[in-house]
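These are the structures, in structure tokens.
Paired with chain B in one complex and with chain C in the other, chain A is shared by the two complexes that follow.
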Partner chain A sequence: MRLQKVKIVLVGMPNVGKTTFFNQITGAHFKVGNWSGVTVKENSMCFSRGEVTYEVVDLPGILSVYDDLDQVDYAVCRDTMAGADVFLNIVDGRHVQRDLVLSLQLLCYQIPQVTIVTHDEHMATDHQRLASAFSTPLGLASSLTLDQVLSLCNQAKAINPESLIEWPVGLQVAFEAMPDSGVLDKLKILVKQENEQVQESYDVLIAEGFYHTAALLIDRHGCRQVCQDPFKYLDDYVLHPIWGVPIFLVVMYVMFSCTIGLGGALGEFISGIMQLGIASFPGNGFMSALISAVGSGVATGVGFVPILVVMYVILGFLEQSGYLARVVILVDGLMRPIGLSGHAFIPMILGFGCNVPAVLATRTISGDWQRLLTGIMLPFMSCSARLSIFAIFAAAFFPGYGALVIMLLYLFGVFVAIASAYVLNAFFGDGSQSCLSISLPKYQYPNWPQLKKSVCLKVKGFMKRTMGYIVFFSTLVAILGMVDFSLQVVEPQFSVMTTTGKALSHGFAFMGLGPENWQAVAALLSGLVAKEIVITTLNTLYQGAEALSPAGFDVLCYELFNRLLHFPLQVFLLDSMGSDVQQIYQSYFSVQSALAYMVFILLYFPCVSTLLVFKQEFGTAWSLFVFGWSTLLAVGCAMIVYGGFLWILGVGVVILWCVLRLRRRYDSIVC
Partner chain B sequence: MDKLVSTLALGCEYRIGRILTRENKMRHRFIALGLVPGATLTTCYRLFRGLYWVVSVQHQYVGFHWSELQMLRLYEIAES
Partner chain C sequence: MTPLSVRAYLIKKGDVSIRMLSEHFQIDMVMSQLLIQFWVKKGRCVQKVLCGDCQVTCPSQVYYRWI
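Right, the complex of A and B next:
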């Protein structure tokens, strides 16, 4: 007996709800969002029913099947679509006529097709009339299960496009003059040709054929949509010529404030409770020191979780609401001088969560150079792992202004990214300009269960990835802090860690780190693997040197209550706890060296995972370039920051130069 | 008769006459977004002194830089 394999491919315009439907029928948890380009690679799952194995494949959105848009995600789509057995054509009920154009194009593949309508509550027609318009089996997404979808797929048949599509006369003549081949092949040839005979080019004639037929079908079957957008008024504010940009800045500020204010308070409480538990562990000696070091590292790691949860919830809310697509227009002017469009800003915002998905998100950007340039900018976007470092330093050195300092660091990261892209574009750029033209999705309420699942998965992934590193590095750091090069247990000042750290620390004097603060240098090196472990390494090393007495439970509860009570009003206060850990930080760093250290961490080499994804997307040479470039900039900027007044002068000159440059460019475009 | 326009006004409806650019990438992007000859677009939002426009076409909002809209020949639809 031989098993039969059926490949079902989900195809549709961008942002019609393909991945949401895929998650619904397969039980998967792939990322969804309310903007074009959330899915950038194919996702698939297999199911068996009797002797048949069904492979369901989710693809990135595609605008048309015959043109030559040069995006990486489009190439992925076309390769997979060619090998499909059945198309699940996903159509958005809010703009059926537009999506029907792609449905008609899919007929040209001569592959059986099933139509699935998402957001069907916006349709003013019955099921049968809709099915007649599409000429395929049809289902409404909200009520379908996997088995119902498979049953629809079994009913599907290939339809001859010639029987449905009404081509303009000029195109019919061209078809007849061509050798006998499939309609799709003919379209792909004609779309690149000039038309000498008639007034319009072939690409326009082809488009006319599809759009005209779609309009006819919709009229004939009475499938007019009744979509009323209840949130339409939001655009009056969000896209306001004056208030648009300030609203965006406020949204970003609220995101960081809530993350630090609310997440930070809960994180410190949880971390404090764990420290209390570790302190109560009896014993004295090697094992006790080891348990204390590892426990302290784990407690610090767990303390990040509330910060991440708050950040992921807010980012998820922005992604699902439809606001991010509006931001693309607001920031386009900022990206245009470097040859990019506002589209490049979406990966940058995703980079605030984690750089790895952000690098993958560059696949939606058209143009090889523009895509690479966006990728090079991403490591400067401060990811959530760096946020945990900034939170501790900001609390210790900038009480009362913590969130403001952190937001300024984020903005500085964006500034360095744009400035470095400007320089690279000037030297290596091909002079081309990305186009903006972006489809703006309708606003929608976030899907809370989906958001909850997505946040849980991200936090789980963070814990899984980070805890392994934390346990390993805390153990390693603790052991290296107790033995010498001949692996004999010695006094801490003669250990491998201390000797090596002191030797290396001379190279970091440019940002105020000397042999007396060698622990900070050792922590930077551990950050090569993952940024999350910088702060745990620091805590482990500092606490090995100082005897700490964690705050009591009553103090922790009081401080948590106090911070939560003041939260909405004083979200910017980060002078929490006054804990021993923060006092230790203050004893090792000056304010200037702490700021230089934060800037260095913001900019220096990306973590191993980011570099590996970067290598996969852009090749080894460019990943090595990013490694060197970011480190070079980190050294330069940390040096300037530690240099004091020189910094103010330098930044002032750069800002002035950029403003003048942007102004000139702006004026030339307006003229 | 519809009137050919070179500047846009907010809240007005225009008919697309031709796609003026010969660059394939831009032409295909326009077509895929529904900006085909004969289609109508309505200007909905204007940002940064007219540098950016949000227009409604085929029941959806699309954001453009002004330089991209200049690649379309637009006619102001005459009131009947």
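Right, the complex of A and C next:
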């Protein structure tokens, strides 16, 4: 008996809800977002029903099936589409006419097609009329299961596009003069040819044919709709030329306040409880020290979870509501002088979560140089791993102002990214300019079950990725802190870790680190593997040196309730409490050196995973360049911050000069 | 509304915003954006920011001009 394989490919315009529908019918958990360009590579899953194996493939959004567009993911889409057995044409119920244009283009493949309507709650036309307009079996996404989709696929038939599409006369003549082949092949040939017979080029006539037919079908079947957005008035505020940026800063500040205030309080409580459990282990020897070191690392790692949960919930809320897509327009003006458009900010927003998917998301950027420039900017975006480091330092050195300091660090990262792109563009840029043309998603209430699922997945991913590193490095650090180079157990001050750390620490004097704080240098180097382990390494080393006894359960509960009670007031910069761990940090760093250390961590070399993805996307030479460039900037900025007031004044002047130059360049482009 | 009707409107009006195009053709702004994008990619139409007083670009001040 021979098994039959059916390939079902989800196709549609960007941001119509392809991946959301794919996740719904397959049970997968791929990243979704309320803006275009979230999916950058194909995702697929296989299912068997009787003798038939169905492969369901999700693709990035496309605008056209015959035109050569210079985006990397479009080439992947067209190859996959050519091998499809059935198309699931995903249509946004709010933009039926726009999506009908692509649907007509898909008919040219002469592959059976099923139409799935997403956002059907906003649809102004009934199901039957739409099915007639699209001339295919049609289902509403909100109520479909995988089996219902497969049943619709079995009903689908290929349609001859010639019977439906009304081509302009000039194109009709050209078709007849061509050898007998498929419509799509003819279109692909004609789109590259000059039209000598009539005034219009063939690609304009082809587009005219599709748009004209779509308009006719919409009118014939009574599907015309002008979609109303009840929250449209919000754009007058969030995109306001004066108030837009302050509103964005307030939103960011509230996000970091909640992350540090609420997440930080819960994180410290959980971490404290775990430390209590670890302290109850009896013994005094090598094994006891090892358990204590690993346990301390794990407790610190688990303590990050509430911080990340709060940040992911707020970021997810902003993403789903459609606000983050508006930020792209706000920053477009800042991107223009460096030859980029606001589109480049989408990977940068993703970089706030993790730099790896952000580098992959650069595939949606048009133009090789623009894509590379966006990629070079990404390591300066502070990922969630760095947030865990900033949270501890900000609480220890800037009590009451932690959220503000963290927000400023994030903005500083964005500033360094844009400034460095400006410099690189001046030296290596090809002078090309991309303009912003973005379809703003509608404002919508977040889908809470989807948000919950997405946050759980991200936290699970963080734990899975990080815990292995934490256990390994905590063990390694503990062992290296107890043995010398001949692997004999010795006093901690003669161990491999202490000796090496002290030797290396001389190289970091530019930001106030010396042999007395060699632990900070060792932690920095561990960040090359993953930034998450910087703070666990630091905690393990400091707590080993200080032999700190954990706070009792009653003290932990008192601190938790006190911080939760004071949390709403902390948003308004009121004071907060300091824990024993924070006091240890204060004894090793001055305020200036702590700030320099935070800036260095913000900017220094990306983690190994980011570098590997960067190498895959842009090549070895550029990944080495990013490694060196980011570290060079980190050293420079950390020196400036540690240098004190005069340096800061100097930086202020430089920033002002840069802003003026950007402005002049901007004006020259506009004029 | 088709690319040629949009071209005719752009030539006739001079500077046209997405909102103006939507109101004229009675289509939603996403559709207008797609049609404008068609001509921008062909290099026949350019994006202009008429407000020069700030670094921030708001969509109501972005216009398109046929060249």
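By our rule, the second predicted complex is superposed on the first by the 647 of 671 C-alpha atoms of A that agree within 3 Å, B and C clash if a C-alpha of one lies under 4 Å from a C-alpha of the other, contacts with A are read in each partner's own complex, and residues count from 1 in each chain.
In the analysis below, a contact is a pair of C-beta atoms (placed from the backbone, for glycine too) under 8 Å apart; a residue touches a chain by one contact, two chains touch by 3 or more.
Owing to the predicted nature of the structure, the values given are computational and were not obtained by experimental measurement.
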Overlay on chain A: chain C relative to chain B, clash or fit: clash
First (chain B), second (chain C), both or neither touched by A:Leu334: second
Partner chain in contact with A:Leu662 - chain B first, chain C second, else both or neither: second
Partner chain(s) touched by A:Lys192 [first = chain B, second = chain C, both, neither]: first
Touching partner for A:Asp120 - first (chain B), second (chain C), both, neither: neither
Which superposed partner A:Glu268 touches (first chain B, second chain C, both, neither): neither
Touched partner set for A:Glu559, first chain B, second chain C, both or neither: neither
First, second, both or neither for A:Glu532, with chain B first and chain C second: neither
Partner chain(s) touched by A:Glu319 [first = chain B, second = chain C, both, neither]: neither
Chain B versus chain C as contact partner of A:His95, first or second or both or neither: both
Chain B/chain C common contact set on chain A: 63, 69, 94-95, 97-98, 101, 200, 203-204, 207-208, 211, 225, 227, 235, 239, 241, 244, 329-330, 332-333, 336, 435-440, 666, 670
Parts of chain B lying in touch with chain A, wherever the complex brings them together: 18-19, 24-34, 36-39, 44-52, 54, 58-68
Complex interface listing, chain A residues touching chain B: 63-64, 67-70, 94-95, 97-98, 101, 191-192, 200-201, 203-204, 207-208, 211, 225, 227, 235, 239, 241, 244, 325-326, 328-330, 332-333, 336, 341, 366, 435-440, 666, 669-670
Contacting residues of chain A [partner chain C, same complex]: 63, 69, 94-95, 97-98, 101, 200, 203-204, 207-208, 211-212, 215, 224-227, 235, 239-242, 244-245, 329-330, 332-334, 336, 342, 435-440, 662-663, 666-667, 670-671
Complex interface listing, chain C residues touching chain A: 1-4, 26-31, 33-38, 40-42, 46-49, 51-52, 54-62
